[in-house]
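Note that the chains are named A, B, C and D in the order they appear, and that numbering of residues resets to 1 at the start of each chain.
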């Protein structure tokens, strides 16, 4: 019964206890974090099972029923997201144990606490059924994220400040839009809002509210042309922060857009301009992301630009406006998180051995780190869209949906970006395959890093093969019947 | 005629993959190669179990996962797939023997990787053969592209890096850029990708769309090396010879031709294509490729490059068979998969044997080599005859059926093209034989006593050459399968 | 025109917030100094708070604290201004303060690393170190 | 750049002005925002929580989860500043530092400071670039500070009946410490509130809030349901909610005080904490 909130509470408790531990018994901070993540993951899985068995779970925080109190509403899609987020955080936390303890040294307790908080924030965003609570959770996730991303080498504070400014503006626009909706309806609860909006006449201000909310979320999710912060923020920071944030932030924001479209505005008539603008921006994001990724020498920045293109995939799918494309976007939220996690984890392991991630620095990796590279190849293949990896199937739905709606440019964008990904990744693989490793290279592959990475990489195949199941059980029931 | 739901197809597909962990973990080279043999024999045994039922007209099916609506990952063993799987797997055994001889004689590096990826390539080829729908076929097709990349780039030098780039660029570029959207469109129009669904109904899409789709699929399966997407094949010849012989004469390229044939018969359907006269597109492209490739082959001095262009030409025979849309034509096309496989692999084996024994790669330097390597060059002669289509070799039979198909459907031009192409085949193969036997050796190392390549490099070409001859007299397993499939 | 004037006069609170917000946004985009950017962010966020608080206003109502706790009469909601926007903005204010704190911390680090807070100078230094 | 910014801003402004069309007028009682849930809060919250201040009731009870997260945000900000600017303890701070030997009066000069010498020991830090403390200022502040803190506690405790509450009280409390640092110096503040203590206090504050919420879970109710408080304390439901609000407000005040002091110490000393201003 309390499973919904119990996915979140261990993380918050973990953050507080890790801070306490940091100033008393600092060796305890890491185990506390690991236990918190593990507990949260356990409850998330339990929640997913119970949601699959009994349908949407609702939790009244403080015992106040909506619309007066705050509720958590977890349907199958959000339960899946919760499992995904907690799992990816857990794997990151386990795989980067050495970094967290060495690199952050005496700050490791604070780092662990912020790690828990950002995960809790993202999970809360997924679970909440209240628009204003969503804003607070966005800020919890973002604020801890700024700190995690800002702690790094020379340029990371600037990149993080840039992210902070843009992210705050995005969140503020979202807040403004929520204010608009509140003023027009008098409610903040998603289900209540949906009821009122469906019953009230369509007005200009309502369109304005939808526009402002979406604008804010687009800014937050780094949709072109608001993507400026992303490559810097993920490309400069410590590998562990990048690995934690990259699979979560943009995907969770896409989740929020989907949630708002299907839970708050299903009956509302969204002005035609918005989907048109969104698909155009999404297509532009795909092209710009691919081209910019091409021009990067640093492989982490390259991955970050691929993320920009991936955001385009998802936004395009959401706004194309048919069931198939929406399915594709929702599936891609899962797929993209998983493959981003694989790639960033692998790159993090490599960066620890090799330092700078320029192409020239990656020679002979296939020989020195075969397992890490095998996982990296799987992640890359998924990004390219090779069956039976997960990335192929979401791309399939997106292509199919785009074709059904006649969005040929978007379709071309998807294909071009796949092809560009082939070039990008094989450029890296060529270096790692053909060039002999330098004399001084002493790469170490430790089982504690390889195991989580291997699990995630294998998950890409497993999830790909069960994508039919995922669509049936988690996604199909969520998309409103009005969307054909 | 019934369908047997059984896990056997999956087991057969997975059999080569089973060898991979063994190959990687083996302590000594002998144990490693034993794994390859074990997997190959297991695969053959599994296929043999299914052959009787398939010959009786039944099919085996197995669904692995329901991934997309109307397009699960599923396997189906029918006559055509069985034919291709039999060819690939039986030649895998022979090639493994040959690889052992070749790789050890040349003292190649990274042999474990080589055998590992070799096994996984066969896995993909069998997977393509047993695919029940376009999606499954695409899956294995893509995996095949990526698992042959390390083989093409085996030498890890600048030349193989360039070849690898070209290879991937063409193969993956076309499969993602052309096949994927075409597949999505087919799924959009028909709601299914299954080969047995009878193809796209005539009214589902207008003829322009169908033409575009056909072209996308025709050129998208670039492994079939239709012009102008054939460029990768000559480039891929930098790979070690066992790779060229099994993959770039049999498994990989025939996967391309196989896919085109499947798509033509299964996805579009003969009726639809004939009604829209789209078969002319197929035969046209095939005829042009056939002649052009043969002409280019004439001018090649590199032995393997000449063989590669010959392969490009011969693959078009198969595509031509698909485009003829008659029973005889289809039979011929399918039969050509096996006949050409045995003939061409013999030639590649011989080229490799020559390279191992003498280090020669160019035709102009092969004068009088027949005296030094009589066994090899005998096998080479038989292989050439089979490719040209002169009895008593298997190549004659497939060409006979193709010619019958042309004449039967009144396509006299195509019949003429076939004959001219065969003449050209003779024109680029017989000079090599002539040089080998009738020119005085101008290289010192070619004269003197008989000094052949190691035994493991000699026996395989002799075996395949022998089979080429036997197939002329006893073509029944393949012929029956092809006939069954064509009907 | 009349229509426009009514718009202007009856909803002047919204005009005010929009103007303030745009000032903040302009400062964030156009100013090169990082501190000024943060000031712009502050103005921007404050404008939104103004907007919210303005939603809560009611003509003739008093602050949202119950005047007489012992009265048995039904409380008339028209007597007190809307408490909810105030609640929400208390949260938003705290969030913006916290954001500002983190931002200032980042600015300090940036100054330590680059020695300046002018964005163009920093970019110049990154390009030609 | 500036022109582009102007255009973007004007466009955004025009968009916002256009979307104003259906907004309620200033002070409109009948606006949707003033009815629906807001009306419920005004009419029912005293009954539910025995808290005359509607804002406090909604903040800490109906939307108590928001407020907990808000406290978490403050806590996060403190941790974030710590992570970003705190210098590692083994990094020495460059500059000129003077230390006076207490018994002899000799002054020692050092070019950099790694850690503060023990204040209770033989050496005392002498500020070189800081004017001598003004007796008037220090004395006045020393006298005022307790009253400020008392007032902070009042604001905290009286949040049920008048504008105030945990955040406001916490901020005032923190301000008293800032005044201490400004009137004396940072070291005086650090001696009063060590880094360790402030961090523990911040975590303890959120834990108090969190623990109040957990009481609900422990009693089988929902998280943050103050019915459990009433149950444990043996009072009526509404009084229990009132008490629950007081508990969580106390937690908020602790965290806010600690977090603001942490941030102030870090920012004013550029991460060294021991030295600064």
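Methods note: a residue touches a chain if its C-beta (ideal position, glycine included) is under 8 Å from a C-beta of that chain, and two chains touch if they have at least 3 such contacts.
Predicted model, so just to flag it, every value in this text is computed and none were measured.
Chain centres defined as mean CA positions place A nearest to the mean of all protein CA atoms. When the interfaces A-D and A-C are ranked by C-beta pairs in contact, the top one is A-D.
Chain centres here are C-alpha means, and the one lying farthest from subunit B is D. Remark: subunit B and subunit C have CA centroids separated by 69 Å (rounded to whole angstrom). Once the centre of each chain is set as its mean CA position, subunit A and subunit D turn out to be 31 Å apart.
For the pair subunit A and subunit C, the distance between mean C-alpha positions equals 28 Å.
The distance from the centre of subunit B to the centre of subunit D, each centre being the mean of the chain's C-alpha atoms, comes to 74 Å. Contacts with at least two other chains are made by no residue of subunit B. For subunit C, the set of residues that touch two or more other chains comprises 25, 55, 84-85, 91, 95, 98-99, 102, 105-106, 109.
Each of the following residues of subunit D touches two or more other chains: 16, 20, 23-24, 31, 33-35, 37-38, 41, 63, 66, 70, 73, 76-77, 80-81, 84.
Chain contact topology: the protein chains form a pattern that is neither a line, a ring, a star nor a complete graph. Pairwise, the chains that make contact are A-B, A-C, A-D, C-D.
Residues of subunit A that touch subunit B in their complex: 381, 384-388, 393, 396-397, 399-400, 403-404, 411, 415, 418-419, 422, 426, 430, 433-434, 464-469. Only residues 7, 10-15, 18-19, 21-22, 25-26, 29-30, 54-61, 63-66, 69, 74-75, 77-78, 80, 82-87, 90-91, 94-95, 97-99, 101-102, 104-106, 108-109, 112 of subunit C touch subunit D when the two sit together in their complex.
Against subunit C, the residues of subunit A that register as touching in their complex are 132, 135-136, 139, 143, 146-147, 150, 154-155, 157-158, 160-161, 164-165, 168-169, 172, 175-176, 179, 182-183. Considering their complex, residues 15-16, 18-24, 31-38, 40-41, 61-66, 69-70, 72-73, 75-77, 79-84, 86, 88-89, 196, 199-200, 202-204, 206-207, 210, 214, 216-217, 221-227 of subunit D touch subunit A.
In the complex of the two chains, the subunit C residues touching subunit A come out as 25, 28, 34, 37-38, 41, 44-45, 48, 51-52, 55, 84-85, 88, 91-92, 95-96, 98-99, 102-103, 105-107, 109-110, 113-114, 122, 126.
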